[in-house]
Amino acid sequence: MRWRLVFVPVVFLGERLAPEAHTLLFVLSVLAIVPLAALLSHATESVAAKTGDAVGGLLNATLGNLTELVIAIAALRAGQYMLVKASIAGAIVTNTLFMLGSSFLLGGLKHHAQEFNPASARLQSVQLFLATIALLVPSAVNVADSVGTAAFTQTLSLCLATLLIVTYGLGLLFSLGTHREVFADAGHGHAEETPWPIGRAIATLVVVTVLVALVSEIFVESVQEAAMAFGMTQAFVGFIVVALVGAAAEMASAFSAARKNRLDLSVGIALGSAVQIALFVAPVLVLASYAIGPAPMNLQFWPGAVVMMLIAALTASLVSNTGRAAWFSGVPLLAVYLVFAITLYLLPPRAS
Amino acid sequence: MRWRLVFVPVVFLGERLAPEAHTLLFVLSVLAIVPLAALLSHATESVAAKTGDAVGGLLNATLGNLTELVIAIAALRAGQYMLVKASIAGAIVTNTLFMLGSSFLLGGLKHHAQEFNPASARLQSVQLFLATIALLVPSAVNVADSVGTAAFTQTLSLCLATLLIVTYGLGLLFSLGTHREVFADAGHGHAEETPWPIGRAIATLVVVTVLVALVSEIFVESVQEAAMAFGMTQAFVGFIVVALVGAAAEMASAFSAARKNRLDLSVGIALGSAVQIALFVAPVLVLASYAIGPAPMNLQFWPGAVVMMLIAALTASLVSNTGRAAWFSGVPLLAVYLVFAITLYLLPPRAS
Amino acid sequence: MRWRLVFVPVVFLGERLAPEAHTLLFVLSVLAIVPLAALLSHATESVAAKTGDAVGGLLNATLGNLTELVIAIAALRAGQYMLVKASIAGAIVTNTLFMLGSSFLLGGLKHHAQEFNPASARLQSVQLFLATIALLVPSAVNVADSVGTAAFTQTLSLCLATLLIVTYGLGLLFSLGTHREVFADAGHGHAEETPWPIGRAIATLVVVTVLVALVSEIFVESVQEAAMAFGMTQAFVGFIVVALVGAAAEMASAFSAARKNRLDLSVGIALGSAVQIALFVAPVLVLASYAIGPAPMNLQFWPGAVVMMLIAALTASLVSNTGRAAWFSGVPLLAVYLVFAITLYLLPPRAS
């Protein structure tokens, strides 16, 4: 399996020699990302074996989002706020619906019934719900009254960004600090292979995450070009394709954990990543835009994106609040995701 | 009791001899439907005694909806899409709020506390929520941008219809196939009378359902005429009166089961019927419109109808997710239903 | 502590001698309300020790809302319907989010984990959800079609008001009558001090409530003047400041109970008060407006207010449906409250 890591240098070489060969670069980056994702998921499980699935999931989600943060800061510097917001909303919806839904489905196809800690899922659903409320307000107010609200929206976004970051910090303090015993693993999965020593696991996580970020950038760019060439709409590519591809490595870890009956780890990666983007990455980008952007960014999203995030949060909450899952638990999540994906795919260009 | 079955031929005779005597036909059809409903509910309970309440409820709901499907296909052939959609939305709201709420209330007035399988209620609430999301999207997009979206709405409706049917099929595979043990009856009711042998019960179900469908058609038509004569608005008649009358026989079964402390059967009929209409009947009508209608039908509903379906699904989910019921469990469902009914009754004609 | 009661006559004297000295009156009324609130909370706990927390909470909430009812009737007589509606909506949102959230937070900072009866919280969340649906409909219909709906809105409001009062009465019959055993206290708190005899406790409750109402009126008026002088918007003052100040005494009781590990009492006061305002006080004011107002009042609210009430009801339902709380349980409630408060504070004047 590990000999496939040879594709990692090959894809970098290809990007330097033939930057216009999008289809070739696409194939090469897929071949390169697969062994990297496998390494990443083994390293995550090795860390989780020491620290518990809550911390392991958080670590995996954080490293995954770190790369998104780096890419977003580059877009921020270029003033491409529409792109940044589309990638935030797309990542939240994709992680909440597709990654969680597929984990339930794939895990459930192997195991008849699975359990996970409902306290953890509930905490993250509530945080996600809160974040969508915070994003709903500036968008709703702006729709209602479009005159003279630019300054208002900007100040409001700054305040809400601070509030979300504080809430995220309090959530970590609660789940990893004062009440960590409430968030212990409920599942009964075991790592099939012997875990690596913790030092090697963390070093692998960090190095492989950097490699994944670099390959992903090539991946995302070639996919975008290829998707546009296939006649896909801008909204579909930004919201669905980029979000799916950008989270490929996290998904590999989440799905692998679900297959090994470690749903706590899967839920921790999927919902934990969505929560982190909504309550930490997005607000940090708003604050960072003051320092590095050409103009401040606000938290005002396209109304359709806010509605999708709200529906995603409610669906995840409905499905995951019992702490028990079977294969069908994934179906409503994936079906709602398909409703969104089909709509965006078919949406006439001018309406987006 | 059974001598009352004599009213069944009488109503058919009346319809042939005096088709304009709406009030007489209304009274006769009520008198005819009562003994038929009693037969139907006894046959349903006899089947459920063999198969469990999940299958029994599904069978009852399917036979009830079969008649609605037949009537809707006639309307489809005539191109009356507004009527078809109003009857779909009305049936979903009425089954979810009125039938379920009255079952809780009537069962609770006889039994201090009742139990039912919460897994079953949760599965159906989630499916209903998913269906309302799927109906929300084409309606919302259409409101947002009314130019050049006709083709888009049509293609979208076709895709969503297929998705809903697949989801419905997967739900049946899950609840009756791979995980049937999760959906076993939780209630402790017993049939008071000795159940019929299964062959006789199924034959009765089929024959009586056909008779109910024929009588219902006379019933619905005469009620519509009578209601209009009483000055009721079109919206109220289509959404409330027709839906109530059309589901009279299913309601008789659901209420009778609740009084006998078999809430699993009641929930199976009420929510199961709503889920089947939303995820199976409505999509099938969209697909069928390509073959038999003058033009394809889409899944775009009057926004008020979508909001009512969404609120109905959320209320049912809030009330039924614990698996415990008492008389007051029915009150919020019936109160929300009354809010809708009063609003539609009072709505000025031009606003509908 | 009790010597501070001397400020009660002082504030009445001050109001008579220097009605324009708003800052002085503000300080004096704060000093007077603190010992009154302490008396009130001790009296409430003494009653609850005899009757259980459900009845104790209801009594406290009723007395608190009685003063709001008296103030609202004065505003009704003056035809200030905007003010009445803002105070209703503000009280519902403040009690549901701020009072409940702070109770969870303050109780959780002292006790690692707390329990309360989830049946009680669920009943009240569902009732609150129902009330927001009932308020949503006339507002939504009015937005959709603004011509010729005045008479419709008025008749609809009258019907919905009656429906809400009946539902509230049925809720009391259920929780205090037929199924009172379901709503027994789940918490394990004990009154630290010996409770007063029941007669003395009830007499104290009544007398102190009257004094609190009189002081609150001075308090609210001086705060409004002071807040406007500080440049706060009308919407913020009406929705947030007045609601917070008007419920100061109830909050003192709820917070004190939470610190003593009697969350059932806190939840009973916070949600019970919100439910009572939504399902009893507001409808009674609509009915009363026919007798005493210059024109009938309707139930049509500013759409933003309806959305805030709906979000508040959903958040309370998400957070409180397990019957377990820790300090973080208060964070989402308070964060949503802050989102609303910040938005109203920043809202440009013309948009309100």
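To keep things simple, chains are lettered A, B and C as they appear, and every chain counts its residues starting from 1.
Following the convention adopted for this analysis, a contact is a pair of C-beta atoms (placed from the backbone, for glycine too) under 8 Å apart; a residue touches a chain by one contact, two chains touch by 3 or more.
Since this is a predicted model, take the numbers as computed values, not measurements.
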(request) Go ahead and align chain A to its copy chain B using Cα positions, then give the rotation in degrees, nearest 5. (result) 120
(message) Shared numbers divided by all numbers used: is that above or below half for chain B and chain C, i.e. same or different?
(response) different
(message) Quick check: how many Å separate the C-alpha centres of chain B and chain C?
(response) 40
(request) Quick one: which residues in chain B touch 2 or more of the other chains? (result) none
(message) So in the complex, the part of chain A that touches chain C is made up of which residues?
(response) 122-123, 125-127, 129-130, 133-134, 137-138, 140-141, 144-145, 148-149, 152, 155-156, 159-160, 163, 167, 170-171, 174, 178-179, 182, 317
(request) Mind listing the chain B positions that touch chain C in their complex? (result) 112-113, 303-304, 307, 311, 314-315, 318-319, 322, 326-328, 331-332, 335-336, 338-340, 342-343, 346-348, 350-351
